[in-house]
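Chain IDs A, B, C, D and E follow the sequence of writing; residue 1 opens each chain.
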């Protein structure tokens, strides 16, 4: 001790996790690098020419060919339309999921009606249906309805999901206090107004989370769109499959398409990331 | 549907058929027709075709089918238009027998598709790598090295003894399949649905020979068509590769930097065919006649010749094969090898091989066995018997 | 403005009655406080009045009209919730005018009422803030404002102060009481804090285990608790309870009260007001403030307290300790607290002799816990 | 047992000082209460002592040893948290012996200590329950038990009663005080409730905005607040503040106090104890309990209160209202509260004349807010 | 894998009770006014979209599949379906490929769920400290969830390449033999598990982080004063408090892993192969289902597999539900 007024910079809670100590930053950086690596790769490879693909060690730094490869994507497939379709599909699925799931979640969480628990059980159990085998009957159904090769056949089946309903129900329980609803009822709200004026504003973080997850899933889904849509009217994933159809593996081309298809998602993630992370964590508080 | 008064004719293909210009020509001669082509990835294409057939709708008016799937699909001929009814029987004589029969239903009545190309077999090799091992590199001399598979494997052992750090061939499955493709009878007893994969001595011979070659260290142990196989092709870690006609394109486009280092010799053990496609018309098509017009236009000999020149897809029409343009064609990438001649002879002389409906699945089961030997050092006998079990289960 | 009446209201959860046959009238313009310990059913009763909960049996009348089947919004009551239940996404202004908007009150009128209420509550500068940006006291006022602008027939409030800290609670309780008086709106107010009840109420209803214990002015409840429960619940520190015996002296025929080894005679005036006890055993309630250190002129009980804790509040000093109880032969004691003048010399560990005038004692039947005061007198009080 | 000393402790969050150069000694065995409004830095100070937070500058000494750099576990202090922080997954017994287990105390000794502590706290029957199955008061006692079994050099407690309801709080504060006295363990206790501070403390330290306002016995703080803040913070209802003027009478040379239109002379005895004010404006503190309705013998200030709210607590009656303040020409008023005998006749809306003896007034410099009492007297008090 | 929902099954009972509160049984006459009826049907309107869509596009295919599973049907010959009762199911139970797939599925489930949740916990523990650029780290760990499947396939095939993979290359540079990931019984599972772990660790970590932040800070401080190190705090404080969350994430992860499909499908990068390796060493139930139906066209058999998967999942979920409810009762409430 050197003097009476020793100034120190220590100012930490000696509480949780402090002792993970000096290692935690390197560790976190490692985790983030591992997490981000495929995304980075998606953008790095298309910036090179095809001849570096498969080299060992692989090139880790980007080159200058991204736009060239991106242009090839647009030459090879109808990528503009694919992007457009994907935005429409993922956008409508997201919007309808948010709307219908929050409505149903609200009803299951806060309204009282005959058969509620039984119905909820039905909802929960539908989450456990393996999707792969419903495809043929579903396809037949879509054809019967005359929706083959139309975007609506991609949108409708996932327009509202059991997961979403359960998720929203949980969020309503946590984010919307009964007292607030009672206040609304005293103020003269009917059920729909309670939903709109009271519940919905409180559900924003949860909606951000569900919205992103739904959007991501809709955006990346390829099995079903591939069957029900064709390359004339593709989504991004269908178009990507076409990109991969050549004689040889043109990873720069495929990944250039993938990169282009990832950009909208990254933009959304960058815009709403903060909220989404908050929402995921909030949602778990009482998990 | 019809829109703008024009009939929309849809065609689904995979890979590179190279038809774009032909569509425009067809449209020019049929002013009220609009052709819409959808190209998908090989497996996606065939999976979708099956799904659409199973669902009873959604298939295109014309669907391309590859050799790997044709046996399975012709087993349900009712799903397709019998092209014989639309006049395809006239074309029979122009196709090599094996090509015509491969898409013919078991009862011989329904022809579900017209051939577009064939995959006559040859053996591609790296001249530089053979030379490095003290072997000849001239095609004639190389062909002379391996009139039979035994000779091929012996050459391989000589090659291996030189320890050049390079393996003799790429993957056991390619060698095994080439031998199977040359048989007159493989997994099914001709004309029946009897699976003889376990009892056919020729299958066992091919399997064992391949297994031995692997254990002699001739194989690079790659899995064909995987990314690493492509890498190996670039890096030159194997000297020879079973080479159906379309393989030229694979090599050229995946390993452009190896230009001039390749040449093409004959395949050991006589001719064979691997690959090639057909154009079919699903029974659900609303434009069967028009579709047939398109199919016969696209598969006409002169178009096949043209496509060969543009894309390298080897013609399946005898007329086209015998065309001097094909016969005299040489491939600069392969050191100006006379590829037209090599593949043409291989194709025309081939005897048909009967394939039952689960041929593809059985083939995959057998490939699993070869790969187990190659990748997991499984004993050949065990690999064979396990594969036969798997094959028989798949065919049940 | 309007009366609120509960008639035989019963509510049963899982066969356990939470409210049993509750009868209660809140008079027009009255400030009635419903008090009781946690779980006694206060919130339940309030929510039944609001219409947020339907009673199992019984009726609710507002302004004389049976509203038992009327939905909450149509009862024309405004409620202030414990945690205020402000809409977090709306500004203060929007919060206050929300009900008016739903009722399609026109814009000018809405503005007028909000401005007026904001004026009264000192919220004028905060109208554009959101609840998050307000302090606890300000939120409380917004909640009040939301109730006021509706100009409802009555206010219902459920522990509206319990989220405020001690200082603020004292201030805001004054504000609410003043406001209610100036508006004259009938108010049913729930709390478990007896100080709040005493200071704010016109009348207090004490609830315990779903049953009404006593209903009366703060003064009545304080001076004449109907039973032991009310005696200990109202008043702080709580009334001391000491066991005693009440018997007629065989000789004189006068009524004698025995506590420990002392016996005092119950003066005739008091005796006249007493109902006959069912037995001789009684519970004597002595308020901590009703003891003195000097012997009074009137007959008095003496308590010798062994003080073990002194709490000096500045304005008064609380002495806690044990007093002997039971017959002189047994060494039983019971806890006793006295509120003394801060200048009284008293030390922890010391002894303290205290006197409680007989007319200040509360006598309860120790079997039933009911007061021995005559019903008639109770009603008159 | 041990002293605790804070030397020049400063803590700065984001360049805003939360504690500024705090100096404080808790004597061996003393019960010292740290009080202050929310956000004043009490918890911060306590956590610095505990070692959960490192000061920006300054030192912490426990038993004379500098422990500023010693980790919490090695300071040998036990802490009782506001929400008790009981480990929910452990039984009461496990909760209590957890620290001993970590310290590798052997089993027999652990059992001995836990049994003893449980005995003292009446927890013997609850040892196998989990915290969830306990009532608030019981949880509080487990938290105490956890501190006791460690036999630490001192207890640190952060608002340990604030989660209890009013009744229970009164009871438990008595229990804690009794326990601390019987164990004799040095205790630093944080609260924002002045009643708690007054009743429990040996000495009280008042904190405001991170600065120590006054340190003294409850009585000193109550009788001789060092500044306006302490005067209003300690005592309930809070001290009334009335502006006044202090000036030497030009004629007699005596000191005169002017409030509104009245002037009283400050007796020489009192005058002797006053420091000279920096100006003539003073703030006069009048405790609500220091007023009477009868004129006293001594010189007194008269307050004419326009009563607008009556709060009848039973034991006393609070009358709130406005008194004229400022010079007679201006109609300014200020709020005034009086604590009256419950029998005083007073009605809302009425007028009330109150007298406050001059020797009961607290005079503060209105510029600085500091008391005008001489330092020497302060120290001696 | 489905996405985790922060719903805790054990809560349902309590909430049901809470909801029932709104209308305790009433002894009065039933309401017959139109208004009441109108109001009473509102909840059904709110949940109707889900049930309509589910019935149309979920239930119908499911029931269709159930019917198919009772027939012997070639995918391409819908007309030639034969009703064979439970024949497919009895065949299934004597099919070694089925049992192999069951074994693989559960093994992969264990290999991916356990480390995934453990890593997530540790990651959350680290993220729960005072950090610079906190949001950045938190967003970073969520990136795998938004990465395109195509990119994942390509990157992982390059990492786990047999001879030229990144890992093999790294091993080579330190003089070790390359690992043939796809071929090995264990190596292939490790690789697939690591893909799953990669994809879901961050997401679970954020859920845990949320739950951790709900633990009162004082618990950690009390433990610190009692002398517990941070790892002991993780063990004694964090873990017990996170138990319901862990149970929930485990359940969701298990449900997801039963349906594990994409990762093993993509990992087998020899084109067109859906058999999960040469020895079916990583063929999961979902993959077997896919192979049977779409490759071998045994639609009936595939449907039977789908229903078995469904029933197994239901059984597991029900089991988990009762287990968590049971323990929560024992410990007096699950929160």
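Throughout what follows, contacts are C-beta pairs under 8 Å (C-beta built on N, C-alpha and C of every residue); 3 or more make two chains touch, one makes a residue touch a chain.
The chain list, named the UniProt way, goes like this: A, E = Cellobiose transport system permease protein; C, D = Multiple sugar transport system ATP-binding protein.
Please read these numbers as outputs of a predicted model, since none were measured by experiment.
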item: Chain hops separating chain B from chain A, counting only touching neighbours; value: 1
item: Between B-E and A-E, the pair with more C-beta contacts; value: A-E
item: Of all other chains, the one whose Cα centre sits farthest from chain C; value: B
item: Between chain B and chain E, centroid-to-centroid distance (C-alpha), Å; value: 40
item: Distance between chain centroids, defined by C-alpha means - chain A, chain C (Å); value: 55
item: Residues of chain D touching at least two other chains; value: 51-52, 71-72
item: Chain A: positions in contact with at least two other chains; value: 12-15, 54, 56, 135-136, 244
item: Junction residues of chain B, two or more chains touched; value: 42, 47, 51, 54, 56, 227-228, 231
item: Interface residues, chain E side, partner chain A - complex; value: 2-3, 5-8, 11-12, 15-16, 19-20, 22-23, 39-40, 42-44, 46-47, 49-51, 53-54, 56-58, 60-62, 64-65, 75, 123, 125-131, 135-152, 154-156, 158, 164, 166, 169, 198, 202-203, 206-214, 217, 220-221, 224, 229-231, 233-234, 237-238, 244-245, 248-249, 255, 259, 261, 286, 289-290, 293, 299, 302-303, 305-306, 309-310, 313-314, 317, 335
item: Residue ranges of chain D in contact with chain E within the complex; value: 47, 50-52, 71-74, 77-79, 81-83, 85, 87-89, 98-99, 102-103, 130, 132-133, 146, 150
item: Interfacial residue positions of chain E with respect to chain D in the complex; value: 216, 218-219, 221-228, 232, 236-237, 240-241, 243, 331-333
item: List of chain A residues in touch with chain C within their complex; value: 177, 179-180, 182-189, 193, 197-198, 201-202
item: Chain E contact footprint on chain B (complex, rising order); value: 42-43, 47, 50-51, 53-54, 56, 72-73, 75-76, 78-79, 221-228, 231-232, 358, 361, 364, 368-369, 371-372, 375-376, 386, 393-394
